[in-house]
């Protein structure tokens, strides 16, 4: 096992376990006749090349990244409605299998760039073949529209090393507004949709053939 | 094996195989330094209760559903940009492992409801334990914004059995416009984003540590 | 959500999480250059029909099965060598994410039928959409040969409702002996094989092309 | 995409598709009330380091490995009974989604080392993002006991670079005999077990609760 594989093993394990846990919640919501606040869950371990690059950029010595780089393990929870974000944050804060050590609300206070998302940093205990280890992971919670826009912005930011030209910046802002509007329109129709979804799952249960 | 399990087994198999094939394409794009036209792929077999209900509604006798119900197996391919849809359709039409038997372009000509998507019906040969069988499957190709809206509309349509009240109809239209706008804004920024994504994947390959 | 789905949801979740955790250990062993004591891991929730039948047979009232039926959630860990079983049991007893509440060693003291396996009952905390819940699960640890035989015996036992005819009983005993012999021969070659496996994984790491 | 990733992409895709197809057959057998000849299916693409090493050993120039190395993509089908092997071979030879280009029966004629397995080389068409490509894959079909022994022998062979010392050779032979005996004893009880398994799955279907 080389150094990086060794270093990243607990992060990989944490991501796998957290995905299993959070996807399980989604399935339970689907089986119940309740609106699910979780549309989908993804997870990833930061590629080694990105870790190295970020360490350089942020001037973090490599023996400090465990402490100072908080997004080596990343979990993303994507929601249908803006109000689902609060539901998810509340649900996560009640859990006893990890501790929340940091919390940033970029939904209420979006970043200058237009970026919106709710961020948590958690400390999650993992059992590895070398014993137990607390692993830090960043959990991002956002709507589909926020997620869409953030993906785009991430790419452009990367291309221009954080210095996006003014005209592209402007186009990016208009896209952010369009995403925000979509979230707004969706919110207005939210109550209706939730009710509809509950009716669908109830009907499905009642109509289940007996085989 | 009960009647329904027996009837649905080849459909389940077709959905699994098509998901493996299409997700494989996405992974190949990610490994290459090309923009991937496939954001994600999902698939499902229609629940028995929905098959029965649709058969009643459309007055299809149960012994005719294999011929007349074309969406028992369903695959959805979701794209980042509107122009990716054409790329995907072209790629699917070149394949030799299934035949396209129907094609409907609700992107150029959206449905009255506001629904936009590109639909294909394919005929896909499956090997089951009882021999080979041609299975029909519906493939829906759409952007993230189209997908988002369609999910909402589907729920409401279901709730009101196709007769959505006028005020909700109007809110739904505004949401459709917001989704359309997001797609438009994204299109304007498309070239930039594609180029950025290609740079990212190239960098990642170059920077791969040697271990 | 019907009664059974509701009752079984936490068991399903526990099985998924335990599989992710234990398969993760196996992968960590594979990445390291150590012999892995875990050949493979499977898990299942007992089918409702089997729960009902067992409840009848053992005269457990349905409102008592949560307390009295300990194998509704089942995990099986299969090992290459008999001595791996102890390694796995030790590793599980060190974990802090569940408690071992019962322990039965049918390896040292095989059952009259010839059955060999190490059984643990654990109490595992699951977070569901309705809050936290302690779930009991049975963990069976056995070699490939023990597993092979046990599968066969289970089928025959079921067929004859526990009263296997004498001639088949005898054939089953000879199969148990053959399985036992295989385990014995494997034990004699164990040290050699372990060493060889460690060499292989080390070589693989060293020879990894730099891309 | 580096050279090796590029070269191996169609092999990876072939392995994924073949696993989906063959695991699907197993699931269909399980749903039916028939004995399944497939116990489990695994697949792997040969690690780059092993490809390079084998090319050196067998003196295959690197630009010839596509033609001359037939096990870059590998599928393994493991069976409960020796007679299941023929059932699987027959089933594969009937399929129209690949062609069998080579066939070796090391079950009837075991290798000098004691190795037993049925080998097929198939040619499987894969659609990649660069078009269609015929990929060769080796399919190994064997019982659990054959598989167990082969794993061990592979490790030792590797350790001693094909020249296993006489005393270890002898222990390996005794293990091969023990594995062969287990297969023999299992064959004698086969009819009984198959019948029992069919009874179990039938019962399970009948007893399914109506929900």
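So that you can tell them apart, the chains are marked A, B, C and D in the order they are listed, and the count of residues begins at 1 in each.
To be clear about the criterion, contacts are C-beta pairs under 8 Å (C-beta built on N, C-alpha and C of every residue); 3 or more make two chains touch, one makes a residue touch a chain.
Quick caveat, the model's predicted, so the values are computed rather than measured.
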Distance-maximising chain from chain A - centres being C-alpha averages: D
Rotation in the CA alignment of chain C with chain D, degrees, nearest 5: 180
Chain C and chain D: spacing of chain centres that average the CA atoms, whole Å: 24
Separation of chain A from chain D, taking each centre as the mean of its C-alpha atoms, in whole Å: 39
Chain A and chain C, separation of their C-alpha mean positions in angstrom: 34
Contacts with two or more other chains, residues of chain A listed in rising order: 2, 5, 205, 208, 211
Chain A - residues contacting chain B, complex: 2, 4-5, 47-50, 52-53, 80, 144-145, 148, 151-152, 155-156, 158-160, 168, 171-172, 174-175, 177-179, 181-182, 184-186, 188-189, 192-193, 195-197, 199-200, 203-204, 207-209, 211
List of chain C residues in touch with chain A within their complex: 1-2, 5, 9, 12-13, 16-17, 20-21, 24-25, 28-29, 31-34, 91, 94-97, 125, 127-129, 131-132, 205
